[in-house]
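Each remark here refers to the structure printed beneath this line.
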Amino acid sequence: MAASRPADPDDAPVVALRDVWKSFGAVAALRGAHLALRAGEAHALVGENGAGKSTLIRVLAGVHRPDRGVVELDGAPVEFRNPQDARAAGLAVIHQEPGLFPDLTVAENVFVGRQPRGRFGRIDERAMRAEAGAVLARLGVPLDPRRPARGLSIADQQIVEIAKAVSLKARVLVMDEPTAALSGPEVERLFSVVEALRAQGAAVLFVSHRFAEVTALCQRVTVLRDGAHVSTAPLAETTVDRLVEQMVGREPDALLVRRDSPDVPDAPGQHPPGAPALEVKGLSRAGVYRDVGFEVRAGEIVALAGLVGAGRSEVARGIFGVDPRDGGTVTVAGRVLPPGRPRAAMAAGLALVPEDRRQQGLVLALSVQRNATLPRARQLSRFGFLVGGAERRAAREWAERLRTRYGDLDDPVGTLSGGNQQKVVLAKWLATGPRVLIVDEPTRGIDIGTKAEVHRLIAQLAADGVAILLISSELPEVLGMADRVLVMREGRLVAELPRAEATEERVIRAATGHETPAGPSRAAPRGEVTA
Amino acid sequence: MTVAGRPPERERGGAALLDAVLRFRALGLLVALVLLVAVTWLANSRFLSAQSIRDILLATALTLLLACGMTMVVVGRGIDLSVASVLGLSAFGTATVLADHPGLPVPLAALVGLAIGAACGTVNGLVIAYGRVPALVATLGTLYVFRGLVYFLAGGSRISAGELPRGFLDFGTARVLGVPWLFLIAVAVLLAVGEFLRRHRAGRDLYAIGSHEEAARLAGLPIPSRLLLAYVVSGTLAGLGGVLYAARYGTVDASAGYGMELDIVAAVVVGGVAIFGGSGSVYGAALGALLLTVINNALPVLGVDPFWQRAVVGALIIAAIALDRLVALRVAASLRGRDDAHVH
Amino acid sequence: GGTTRDSEEERDDAPAGDATADPDAAYATDLSVAMLPKSVNNPYFEASSEGAERVVDELAGSYEYTGPSDASASSQLSYVNTLSQQATDVVLLSANDPNALCSALEQARALETTVVTFDSDVAPECRDVFVSQVDGAEVGGALLEMTAEQIGGEGEIAILSATANATNQNAWIDTMEAELAENPDYADIELVAVAYGDDEDEKSFRETQGLLAAHPDLAAIVSPTTVGIAAAARYLQGSEYRGEVALTGLGTPNQMREFVADGTVTEFALWDPTALGELAAYAGAAVASGIITGAEGETFTAGELGEYTVGPDGVVTLGPPTRFNADNIDDYDF
Amino acid sequence: MSTENAARWPRLPRRLAGWDAAVVALTVLTLLVASGAVDEFGTTRNATFLILDLAPVLLLALPMTLIVVSGEIDLSVASTVGLTSALMGELWAGGLPLETIVPLAVLAGAVLGAFNGLLVTVLGLPSLAVTIGTLALYRGLAYVLLGDTAVADFARDYTRWANGSLGGGWVPNVVPPILLLVVAFALALHATPVGRAIFAMGANDTAAAFAGIPVERTKFLLYVVSGAVAGLVGVYWTLRYSTARADNAEGLELTVVAAVLLGGVSIYGGRGTLLGVVAGVVLLTSLQNALRLAKVSADALTVITGTLLILSVLLPNVSAALGARLRRRTPAPPPSPSPPTPAARTAVPLPEPTRRDGRP
């Protein structure tokens, strides 16, 4: 399908959306959106959480039908009644949340619905595996095409999604935050593949909250605010500051809060960190992590860095007790936590904001209110009964503190935009008033303004004496926020860098193991697993 | 902006092992089957007489047919509780047609049964795929409706063997090279469904839909038509089952096949088809059907007290799925153990 | 309308006999009669219903055939309640359980409904009259007699019954067991198994199969249930045991005609269900008209069936079962 | 952002729009129509019968609702009733007094439920499959216990209580305990932390576990409760029909499931109300009662039950789909007060639209 037309900015758009409106009940997600994608051009779509980016993409993909407005293909109006129509018209779409089939193999996931066929219409499994392997190799990911998708990490799931879209060889490639779960090299590989497609004349739509990526990949940018079109301009003619201003409709705040910035009331050094609030010793789980030990003091922010799949999230889940662990002890404020009992961990003052909000963080079908108060239902009840407006008041208070945007507290949380869902997860745990807070990728998929808010919030909590373990794949976040950086590699803790020594380079080196970093390090091999 | 690099892929060994295990799970059923047959045979050598084997094959044929359709439906994350009622309706319909028109060629009457089944399946499919009614609700409803229809049509009447043409009844017990026809038909259906589910796009689509319906929608798979197909096939096979039922038992009344749906679901589940869709094979379901039939036939032969039989069947169903699960857990554990070797 | 209070107080009263019988009274007309079988959709009861309806028509009453589609006592109870609410004069009942319906029947009787059981009885104090198809001992005896004739007086036999709870089946089986133990004529016959086909064709079929496989020396199967004997006959017909193993029991001529014709079955027995229905209807009308009360020794005339006497416990017996074989089977159509 | 204030009852209109509200309305309508159209339906005498008939289904539906909302199912309830009933008969025949037997029967039910619970939670087996197995197993054990016999000579005082009415009026004796249980289950599901947990785990058990909810323990307890209630129903059934038999309540599980689904509980878990289920049970039973009184045959009853079950879900879906189609045909006016932006056909920068109201 790849049209080999030269990239010509004056070309008529391949696909365009004109004055598109779309509401869900009382919520107007799109209120006059415009977008035009041209052959051979990468087009960025930016906006705050809930601005309507994903909705716009779903309209383009034939998932939603617009209430008003038209979709044009090569200048002629078309109606995509379902995703098949859009695909038939040459659109390949990567949606925001990866939707793989856990029971099918990776190869089948890539080719679902269009498997290569041999005689009698039988699926040619060999050819399918070979082709899938080739696409994955192009993306630089040595995934086995025969393995089932179940159990793939979020990053790998995203890669498979990308492979699926790329292998379609479509005229239009639409990507909704494809990089949110990826690490550097994978992003680079993805970009080079997209570049190649673009050079062959494909039109590309790219959604991301990371401006560095937007500027690296795209030629044009459209800003969406509150579902309405704000501006479209060549990237060369605009600046990040200007874009952010257009997104939020006001002067942007500081984009990243550093702990030592004057915004934060209690900068480190002014207050020495308190007593150890979280102590982890010899934590192990067969095949996942081994002999992990560290401590986090009250008022301290400790970052846990590492490559995707290094086992950071597993450690967090082991500490909290949702996953079993084979050995080791976890102590919160002097109380030793029994393994496998999240409730005991919560009682001791531990909270975990998990990385996968849709699976682990939220019950999508339940209302915003129910989600926000779920871990606290017991505390909110009187004589064992939840009556009156206690739940509601509590939910509203926290939703407002985090500036969550929702239609009604009784709406299913699944109808919120990705970023706002993340805020509900944060609200849910912050409301428990934890002594130790573990946040796993707290800003994944969150827009730039909100991200700063989340950072400020975390810094504020630390200042209030909460011990914070921050797991993040974003180095600037790690370096900007943390008092100390722990680095994990292949299930082991390999380095500990105090703030002064934590540089991008040293963290990467520790994480990849290419060179033992200097300075105080915990990389020395320890004894056998204490199982 | 993010941390660079990724660890080496460590799943390769896993996929192969998983493959082996999936095969082993079927093996587990086979071992159970062989053991059961051996024990019964030791207790009573007549259990393996030609007659007895033919009886088992005949009895399996019906369960097998229905289990094939049920597998398609369950793989797509549905369930068809109406199969037994459809079987009853088709059996009664076919028998009525044959009794009322003695001259009618048997294949034509069989077509009537198939058509009844297909029509019932279409109703199920439309309600589920296009009306978006959960399968359990819809087919529980049609379980009542179709059975009610048979009652309504049959009233208290019963069509007995004497009213059916000789040729039709002979077909019920006829054999080729000693193997009952009915069983051969069931096996042919089994192979066809197996091939369809493994090697054809529409079949794979069912697995995809059962695995993650929302993703299937986004991937542009024609979900409603695939589901419709599954239910129509399930209904048609139940219809065919009805024809074979009439041919084999000769006597057909309104309660033909009553309560059979749970046996079929049990066979499919015992055969390792995940009740929540997305995985399992029709061959496993076939083994499950065979195992349950053999259990049912072996217990009287073993002289198990009739009052104990039902309890034993229940216990065996539980044992089969528990065993299956334990094997899967062990394998998962050993997979992790292998990975552990890579964590240095 | 009305409340349940009265029935509560009358419950412990003697079942019948507080009224006096007038043997010379005429049958009342305009009686509303309902037949409540174990379950509708059963050909056997359809045949009974035919007979009962004919009688009710003759007496210029109104007739209804109603009941649950599953043969369970609990569903039947709802129907008893419904019928008593509708002030039905006579209920002809074949009970799924001897005790479960009692309290509801008592309530119905307190509201002047006559309860006649037929085919399968309830506890005697809960009904007016029971119309028995045959004398229990007589059936058991006849079954054994036919079996002994067919197997030459020796060998292993097995019974294929209906459900494990069926009152009449169990009574017959008990008679047969007692007879086998005591009667020297049957000393060489051994009862090796009782199987239950639940009155389901398929299950009976499978159980027959199991019996034959489990007992290689089996000489005969006795199936005192119409569903069971037909299924067993079909199995035998298609198997290598045909002609080797004798089959007898209770069956309808229409169902068994084929098997008698081809020699799978030599002889079996049954009473005429239509006549049973007729007799039940007459008995009901007789009670409702005050001709009898259900006390032992009372007599009434049941149309062409002739005169019947109420036996002990309010039981009226239709007569000995008819035996069907190649010679006479074509004379019957039911 | 929401503009509601805390004082009002914001959930009321939403509730009224729900399916359970529709079932309640349909139930009331059925009762009214039946009273008008069927002679004997509206009598107190019939009310007595109706309540006695629906009691077992209603009782079993209570824990079933919780289990289905938690994302599981229990098909073994009717067999548990049968087994506890058989046990009761066996114990009574063995000479134990009923005061001892009743708690034992309930306890036995709880143990049977616990066995289901263990298989579902500890082994992680799918509950549909497990309870199909125990459906056969428990019924089989009932036959093992009682075989072909029935125990019927239960003390009159008790059987009379089970069938009797309060103070000799028309309200059956079983009404107060049933009401108590209904209220207890309704409160547990809708107004306690455990109820919240049940909804959460039904919709997403991973997220529930991450919120510190002991998912497995809760499910286990639900099965124990379900078994105990089934034991209680076993006692009631035995006394009501004054007979303990192995086949008591056979096939009742499908009626219970049908009633629960009819009451608007999602078979996928996470959605449903107890009020809806109560209405569903009343609807099913009263419809059957009315049709029986109206001399409609049992066959038609079967067909109507099934049709109702399907329509209960199908109709709302179809009307929603039709509504959506209609709305697309006739485009609604712009949903916000701000005028549509100029219909610029090219992707040039546009003037910024007015800010949406209610932003924080």
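Some observations on this one:
Going in written order, the chains are labelled A, B, C and D, and every chain counts its residues from 1.
Throughout what follows, a contact is a pair of C-beta atoms (placed from the backbone, for glycine too) under 8 Å apart; a residue touches a chain by one contact, two chains touch by 3 or more.
Since this is a predicted model, take the numbers as computed values, not measurements.
With every chain reduced to the mean of its CA atoms, the largest distance from chain A is reached by C. Work out the mean CA point of chain A and of chain C, and you get 74 Å between them. Note on chain placement: the centre of chain A and the centre of chain D lie 39 Å apart, centres being C-alpha means.
Put simply, the C-alpha centre of chain A and that of chain B have 42 angstrom between them. Centre-to-centre, using mean CA coordinates, chain B is 29 Å away from chain D.
For chain C, the set of residues touching two or more other chains reads 40-41, 69, 164, 196. Shown for chain D are the residues that touch two or more other chains, namely 143, 147-148, 246, 251, 297-299, 301-302. Those residues of chain B in touch with two or more other chains are numbered 151, 274, 307. Across the assembly, chains come into contact as A-B, A-D, B-C, B-D, C-D. Residue ranges of chain D in contact with chain A, taken from their complex: 1-2, 4, 6, 10-11, 14, 187, 191-193, 195-197, 199-200, 203-204, 206-214, 270-271, 327-328, 331-332, 334-336, 338, 340-341, 343-350, 352-353, 355-356, 359-360. Across the complex, chain B meets chain C through its residues 44, 46-47, 49, 51-52, 55, 59, 151, 154-158, 160-162, 172-173, 245, 249-258, 296-297, 299-303, 306-307. Taken together, the chain A residues at the contact with chain D in this complex read 13, 16, 18-19, 21, 23, 26, 28, 31-32, 34-36, 65, 67-68, 222, 225-233, 246, 249, 320, 322, 342-343, 345-346, 352, 354, 359-366, 370, 373-375, 377-378, 381, 384-387, 389, 392-393, 396, 400, 403, 405-410, 428.
Chain B meets chain D in the complex at residues 127, 131-134, 136-138, 140-149, 151-152, 259, 262, 265-266, 269, 274-276, 305, 307-315, 317-318, 321-322, 325-326, 329. Chain B meets chain A in the complex at residues 1-9, 11-12, 14-15, 18, 195, 199-201, 204-205, 207-208, 210-212, 214-222, 274, 278-279, 335-340, 342-344.
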